[in-house]
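Worksheet: one structure, shown below.
Each chain gets a letter, A, B, C, D and E, in the order it is written, and its residues are counted from 1.
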Amino acid sequence: MFLGKVIGSVWSTQKEEGMENLKLLVVQPIDWNEKEGGRTVIAADRIGAGFGEKVIVSSGTPARIIFHNKMVPIDAVIVGIVDSYEVTQET
Amino acid sequence: MFLGKVIGSVWSTQKEEGMENLKLLVVQPIDWNEKEGGRTVIAADRIGAGFGEKVIVSSGTPARIIFHNKMVPIDAVIVGIVDSYEVTQET
Amino acid sequence: MFLGKVIGSVWSTQKEEGMENLKLLVVQPIDWNEKEGGRTVIAADRIGAGFGEKVIVSSGTPARIIFHNKMVPIDAVIVGIVDSYEVTQET
Amino acid sequence: MFLGKVIGSVWSTQKEEGMENLKLLVVQPIDWNEKEGGRTVIAADRIGAGFGEKVIVSSGTPARIIFHNKMVPIDAVIVGIVDSYEVTQET
Amino acid sequence: MFLGKVIGSVWSTQKEEGMENLKLLVVQPIDWNEKEGGRTVIAADRIGAGFGEKVIVSSGTPARIIFHNKMVPIDAVIVGIVDSYEVTQET
């Protein structure tokens, strides 16, 4: 998973089957000093992440597993809102 | 998923089984200021995305799931055409 | 999928089970102006791609699906030989 | 898998189903001279890796397999704590 | 798959279930002129690759397939030792 910050939302009417009723948020990867880096990811959110919040994003089939056997073609999911962290990172 | 812009089409006659009758579009990843960045992706399109449109692309097995049990070796799919978005991105 | 150009072949005698009788080609990712970029990929080819030809490469489990239930540990496959394309790419 | 060093922990209360009771560590990829490089990864740990320890991280569905059929949306797992290594790397 | 060179071994005692009795080698990606590039990968080896040998590495679930239904959380496997290759690469 990677650490990101919610920076927006995106809406789509014309879409694939299985994409109905999904909240899609735009997540900017950040490091532990909140410095932004890397391309944004569009991730599904079911846990109510809000604008500016720090989140944990999971990718690929492991992320899609939250939809069980439903045919939802989602490759990134917000799996946690970050409460706190304790990280020692070189700069 | 990532945000992209449809910039073209590609055609192939000699191809693997399961690749028949697929519309393959060329998608350029862009950021939320429409700045292009990163390598283009060839993605299957079943929702009628047109040249110049902004789209959401899903990758890997989660994307392939739209073909259910058919043996379609596709690793990228356009899953939505973007209507609108609201994003605050640093530059 | 990504666009590539076949630039060579590679042979291996000592190999994992499931790797027998596979033609392995070396594919250089290129952009739509044929400019090379990024690391080469070793991909299985069953459709007769030749040296110098432009091809479409699929990756991961979606690519491996062409081997059905056989235990073939291949993570990249040439799924199409490019006939033509129509792409507008900034430089 | 890649080599990394545990540099911290992250906590989340509001999270997806299947994320309960998981210890999430922050892993910094390093090379064999312990030079840091690349974006940190948030990985699940079930083997008791400690702060500063060198670990082996596996990603994607192969990593998720340790949770068997449980619906755990984890895409990175610490699969080993490094005892020793013998590597000749150019600089 | 990618081309690499075996540059070392790594050992771990404290590890996840399914990691027992695996030989883990360190593989440095190289290009076809043997120039090193990119982060090293820790890959399982069952075919007896030796230090300094050129190998083909497969990744993800397609690589893991060699372990069949065993719960082995391995995301990279050496699937072939390179005998020879014929590649024309620009520099």
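Heads up, the rule we're going with is that a residue touches a chain if its C-beta (ideal position, glycine included) is under 8 Å from a C-beta of that chain, and two chains touch if they have at least 3 such contacts.
Since the model is a prediction, treat every value here as computed from it, not as a measurement.
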In contact with subunit B and with subunit C at once: which chains are those? Just list them.
none
Hey, how far is the Cα centre of subunit C from the one of subunit E, in Å?
19
Could you state the distance in Å from the CA-based centre of subunit B to that of subunit D?
31
So subunit A residues touching two or more other chains come to 60-61, 63
Select the category (line, ring, star, complete, other) that matches the graph of chains linked by touching.
ring
What is the order of the chains around the ring when you begin with subunit A and head toward subunit B?
A, B, C, E, D
Residues of subunit D touching subunit E in the complex:
1-3, 29, 31-32, 37-38, 46-48, 56, 58-63, 65-66, 68, 77-90
Can you tell me which positions in subunit A touch subunit B when the two form their complex?
7-19, 24, 26, 28, 36, 39-43, 51, 60-61, 63-64, 71-76
